[in-house]
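These are the structures, in structure tokens.
Next, two complexes with chain A in common: one pairs it with chain B, the other with chain C.
Let's turn to the complex of A and B:
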């Protein structure tokens, strides 16, 4: 029966892809792994350190604080952007020129580069010439992002919500548009309330796009760098210093290659782990609890 | 209980319809009696679904009235009409179990839970869904899902009519038959008016007592499957019902003869008279393939034809022939002797029907 011709030349066909992946992902990653277990003193002077850098990174107070800030930031923006995005998608016009107009308007923030967003908000919040900063001051509100940590946080969150909620809204909008009209018709005949339509038709049908939206927004916000860097520079003090900024300071500013490599790997694994746990949980929720249970 | 009356009903999707072509439903009157099993049969795009949506209230007709037991319900939304509708693609609530799906319409009406349960169990029993009640509806097969959507229509006590919009499109052929039987069973048991939209004549005639054939936004004939077959009231019914459909010949009255092109047709005196006195130039004679006899020799009332092909379909043969450059179909009984290319056709006068402006004027007489 076995009439296969042994031919290993097929491997040649895989080679280009392998090379591409090697140069784009594997080799850089392995370089980082290599640095993370060494203490590099100079071009020809380095010695093996084992897991020492990992231990010291995990026990670093400044990094732990940055990590907590990072997690809080991601959770807060998710808690705001996901419901807000769904809400916007629900009230967006469904057809006609209004639909196109709203789509364009809503996409605009997504087209602006990160550091430009930071600059826009930096100017926007200035007390002397910024509309928001000046306006709040005129209203008698104490508002200063360079002095007050709370103001800085609120502004960064506001900025991120402004910049990225449109993405969630657009994903949800496309998800909503793909629900066949018959579902709404059947719901009317079943006398479902507006809330029931949302809860039992729209939300379940949005699950898949929401998973994508949450994953994208989580990963994105967890790596946020340019916007807070331009807006607050991580301050006041270190109140808005997030993980990526700590990493940059360490790797580029101080040239601590070993610790920053260990730190990068931990950073990467955290994102991977959170995304995986989230995805697996959601997918498991959709399965039957008792596949063949009787009534 | 409801008798559904459509009075002067017309519908157009345009805001300002200009001509007849802008209407999805043209001016029509129709009555669906309480407790009947009806089919609404017609080709795609003839307005069947539009009509169904008007009855259920998903669409408001642009002209005319919909009456339930004599009460005008035009402005009533579907939720206030005591009607259930089953759609072409099964609509189920993904995240709910089958039980919750069936209970959904009842819970929306704030029915107390102790009354929800027995009702759901009863309906699940009828539809053979009992073993699936705890399953998530999302993971069911297409026919199970469609049964769940039917079930949601049956749980409500106040439902007086169930509308089906080609509900078996996505179901496997062998299950189609089972589900259709189930529908009939439910119909007999509950005394609910059922209107079943389909483009499949077999589906229509196995399900319904009476079929309304729709064509270009109008009901062109309303009758039992037998009536539709034997006395098609419109050329479209003749063509659409039966397999293959009716043969039609555009004829005129010339020199005291009924002429089909250059070929005089042997018809009864009565028919000849009717053709001669026709008020329109659009005159057609129709005959079903079943009533054309083919023989190799000429007889008194036969016409010469040119045989194109004979197709053996098992229980009968289908003969295609040409007469006056037009293609005809004739059904030959099993065991019919082979025919040569030049043969003779005999039209059974009792089954030749006369159509003027596409509508039946004279049926054949025995």
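Let's turn to the complex of A and C:
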């Protein structure tokens, strides 16, 4: 049993941060909650609408479709980027100038702003001047992201994988570097196979960075805006319109502040729920395994 | 403060959340929480259970508002009971 009484005075040190967060996040969020139950027409002209906005948002067909698209998008890119990132991290050189060179090369996509990534891929995939679009057309492949929804999806996923797999790879690389050599020595003495080393040494030691990678990638992809907006504008039709783009159209384009406030709260709650479930599950898996873990 | 367009219901909502947090702090000082395993699949502290309770309350409300014609007070009552059950046995 653990009879130690935790010293809670450390929490006082968090107070300055709490104040900052209050101004940057909590107060704006409270304002959004206030907006979500009213029809605000201007200063001193607002009507209390209760739960009406929430009801209409939850039953909006276009939003439900955007929500399903968003979920599929996030799941697909997680399913590709996490294994790919681990794989890249495993084959990256471990020391010498090659390690630095590969690190720099791999980091490059991360340095490019979102909307620039969108523009790069928009040009890259054009049938007349883009290398990929033109190349595919010359090979006889019908490829047109403005007309074919499937093409648009493949391109957006390819773009996101190109842009963000490096982040996963770098996190995994740093995780792999922190494994003490003694583990590998022990594995060699046991004549463990490469797969066994990966499964029982590397993967468990990567858990912490993978939690961060999965959470970051999920939240990023769930809020993706600029890249598909520049690449496809949400089209063809609404085939690649994700949640944040629907929200922007509503809040900025149409100035429907009440409905978009209600919608952003639902959006926020979903992100909160999924992130919490991810975090708790992975942290708990780890606790069960460690011999000293548990209550 | 007028830019925050406060309404009475949302003010009551945030006051209750603030009161809960303050209450939890005082409770924690008087008798520190012990992590334990209840009917939930994971070991939780008191604060974990409050968080789970509030988050599920939010989804209970969304479900009732969006997909039924029941009164929101029913959602509130269900959430309150669920929160108490969770705090005691979760």
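Keep in mind that, in the parts below, the second predicted complex is superposed on the first by the 265 of 295 C-alpha atoms of A that agree within 3 Å, B and C clash if a C-alpha of one lies under 4 Å from a C-alpha of the other, contacts with A are read in each partner's own complex, and residues count from 1 in each chain.
The rule is simple: a residue touches a chain if its C-beta (ideal position, glycine included) is under 8 Å from a C-beta of that chain, and two chains touch if they have at least 3 such contacts.
Only a predicted model underlies this, so the values are computations on that prediction, with no experimental measurement involved.
J.: If we overlay the two complexes on their shared chain A, which of chain B and chain C does A:54 touch? Say first, second, both or neither.
T.: Once the two structures are laid over each other on A, A:54 reaches chain C alone.
J.: Which of the two partners, first being chain B and second being chain C, lies in contact with A:279: first, second, both, or neither?
T.: A:279 contacts neither chain B nor chain C.
J.: Once the shared chain is lined up, is A:162 touching chain B (first), chain C (second), both, or neither of them?
T.: In the superposition, A:162 touches no partner, neither chain B nor chain C.
J.: Answer with first, second, both or neither: which of chain B and chain C does A:43 touch in the superposed model?
T.: In the superposed model, A:43 contacts chain C only, not chain B.
J.: Report the partner of chain A that touches more of its residues: chain B or chain C.
T.: Ranking chain B and chain C by residues of chain A touched puts C first.
J.: Of the two partner chains, chain B (first) and chain C (second), which one does A:31 touch, if any: first, second, both, or neither?
T.: Only chain C is touched by A:31; chain B is not.
J.: Have a look at where A:196 lands relative to chain B and chain C in the superposition and call it first, second, both or neither.
T.: first
J.: Contacts for A:204 in the overlay, against chain B (first) and chain C (second): which applies, first, second, both or neither?
T.: first
J.: Share the list of chain A residues that count as touching for chain B in one structure and for chain C in the other.
T.: 294-295
J.: Quick check: in the complex, which residue numbers of chain A touch chain B?
T.: 180, 182-183, 185-186, 188-193, 196, 200-201, 204-205, 286-288, 290-291, 293-295
J.: Across the complex, what residues on chain A touch chain C?
T.: 5-6, 8, 27, 30-31, 33-35, 37-38, 40, 43-44, 46, 48, 50-51, 54-55, 57-59, 266, 269, 272-273, 276, 280, 284, 294-295
J.: Going by the contact rule at the top, pick out the chain B residues touching chain A in the complex.
T.: Residue positions touching the partner: 53, 56, 58, 77-79, 83-85, 87-89, 91, 93-96, 99, 104-105, 108-109, 121, 124, 130-131, 133-136, 138-139, 149, 152-153.
J.: Can you tell me which positions in chain C touch chain A when the two form their complex?
T.: 2-7, 9-10, 13-14, 28-29, 32, 34-37, 42-43, 51, 55, 58-59, 62, 65-67, 72
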